[in-house]
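Here chain A shows up in two complexes: once beside chain B, once beside chain C.
This part shows the complex of A and B:
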């Protein structure tokens, strides 16, 4: 079977360029975890890679680890400090090399009071809407994004609904709602 | 006084019943299709099931020409003002059918985005449950609405 995912042995140079990178592999898919400050450098690296140029950005999404029940993140315990933990969110980037038919996954943690990372729009224009969606749902800012607005929700929506501290049933109606059971009684 | 009979080609009725009969068979519809139920609705309005049999075969793409608003699919809070305005633009008498679990009650969505039933925004005459409803159920809903129109006092 052909290997679609770039694994450790395919990219020896990524470990030389980024000594702090960590790697793990599950189900035949490699995941490279880097510091959020290195994102700009790794975008340069991936876009201009000699053997596997990543010419397509497939997806950007994020994960909120607020609940802290994850064995690999024992530092997330108390709720108050978790809210502004520096590693609360994981940003997940998926890249695809059209010419080589290879994929790679990059994860970077971010957090703090105003989580912000560098925008990848300069390298891949597909990032425009993807980053707007991550901003919409998780409230992670992308610096140097040309037009960082909400993309799915309406302008007057407050908060970011996919954050774990957003109330599960927190509705924000735009018009006064009827209450048919009450009105018809 | 001589006994007086009408000729065979004249039928007597009450004004309310007559208008109700006419209105129930000319349901021009505005289809507010927002989700997967709209696919189901397409098969209902196509020739196999055929809403034309009930006089509801004229989808109007302007609410000002429509009598019946069919809400076919999930209503989100982002859309709520749009649906409200469309209903306000329809001229009286106007009827509303909510088709599918999401339009009836929000369905299985209970989150930041979904309105818990179209009747939170506008009054609804007939609810057709199902996810999605069978075509027969939508036809049954139209027939229930016809029945309702015939039985109500007609506002002129």
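This part shows the complex of A and C:
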């Protein structure tokens, strides 16, 4: 069977350039986990890679590991300390190389009171709405994004709904009638 | 077999020259642009998109595309429902070709479990997915026709679409939101005589496609509003993450069905149609050709569907037959365990993508070993298109928004989730 994902052996140079990288493999799909501060460097690396240039950014999403019972994350215990834990969110990037037909998954953790990472808009314009969506749903800021606003929800929405501490049946306050000048209707 | 059709050739330079003569000069520097709200309650915006356009004269100098009017919190709901009860929500992603979403979701979970579906199921899924793609493209093409004023092809295409939908209704019990897939199989087998009647319906589509080509391909109004309008280059389209017929209209032959074959696409004979200029006309034509290719796959599937079991024998994931549930206690317990707790796949994260009718439809699933997803993210092809739409529209005239928005084909349910 043909392998569509880049695995450990396909990218020996990534381990030389990023010594802190860790790798695991599930269901035939390789996952490279790097530090959030290395994101800018790895975007450069992937975009201009000699054998597998990643010309398409397929997807950006995030996963909130707030609850302590997730066994993969033993450092998370009590709910209160978890809220601002440095590794609360996993940012998941999927890239695709159109010319080589290969995929790669990069994961970086971020957290703290105001989670923020570097935007990939400079490298891939696909990040425009994807990063706005992650900001909308998780409240993770992307530095240097040209227009970071909510995309699917409205501006007055309180909170970020895909965080695990946002209740499923959460209610929102009524918002006052908008000024007609605001939208220039 | 449908016949190959030859695209009406045109020279893009001549089209551009003609457009330059037609377009009025942009107003002087002293003129303030005016803001115009378009949508969301506008039929040409498909009811779900709002655009705030800044106009100088009739030319668009700036535009802000606002999706989200159909946001239902799909991803939050998936964290709250178990894998079986969450399946009907996937119908509502792209509600024009719901089967493809169903199968994509079911396959993601099958991959987690390591289940291989049976031969008969894989062939039937290929057939249903292609029928769905045909109906989706018919809807899109019909919308383009009606939006630029061609009512005849609109009615023809809608009629053809509804013949197929009614036929899918016979098999699945629903006209549009089927929930026909199950983890490890399908809800039920196809009725007797279903395939024979399907062949008759497909045969009636071939003269229809000829009629549509005859009505539209050399229609001056249609050509003026599509050729050279809404162009995008190969590099920009890839950089913007655009996939599907939109990307193929620029000349890139990327199709998930060929690049990472799933179902039975590797075993049937078909080709990936590509365009050249990436404008409205090429997107229209790539869709027309894709309908033909999909029909070709459908004919091959009808010939090759084998007999044999439909569903896999996987008690951890697949609902038992009703005969089992009513006749013995093991079946009954199994049924309740799967409905109440949900099937429990191993821990891990997986990304699986299928070719939706608008492009690569991906499911990123994080499983924590319980009966419901820890996180399920849908990579919606429409959202990527909407992210790039402002750059395509700017510089065109106000009236060009309608055909551009029609041909990029955005489906609200999938874009907004």
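To be clear about the criterion, the second predicted complex is superposed on the first by the 172 of 185 C-alpha atoms of A that agree within 3 Å, B and C clash if a C-alpha of one lies under 4 Å from a C-alpha of the other, contacts with A are read in each partner's own complex, and residues count from 1 in each chain.
Simple rule for what comes next: a contact is a pair of C-beta atoms (placed from the backbone, for glycine too) under 8 Å apart; a residue touches a chain by one contact, two chains touch by 3 or more.
Computed from a prediction, not measured in an experiment: that's the story for all the values here.
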Which superposed partner A:178 touches (first chain B, second chain C, both, neither): first
Which of chain B and chain C A:61 touches, first, second, both or neither: second
Contacts of A:161 with chain B and chain C, given as first, second, both or neither: both
Chain B versus chain C, judged by how many residues of chain A each one touches: C
First (chain B), second (chain C), both or neither touched by A:153: both
First, second, both or neither for A:27, with chain B first and chain C second: second
Intersection of the chain A residues that touch chain B with those that touch chain C: 153-154, 161, 166, 168
Residues of chain A touching chain B in the complex: 153-154, 161, 166, 168-175, 177-180
Residues on chain B engaged by chain A in the complex (per definition of touch): 77-78, 80-81, 84, 110-113, 115, 117, 119-124
Of chain A, residues touching chain C in the complex: 4, 26-27, 29, 31, 55-59, 61, 63-64, 70-72, 92, 94, 98, 101, 103, 105, 124-126, 128-130, 133, 137, 150-154, 161-162, 166, 168, 183-185
In the complex with chain A, residue positions of chain C that touch it: 35, 37, 52, 66-68, 71, 73, 75-77, 79-80, 111-112, 236, 238-241, 252, 254, 259-260, 347-351, 360, 362, 364, 366, 368, 374-375, 377, 379, 383-384, 386-388, 416-417
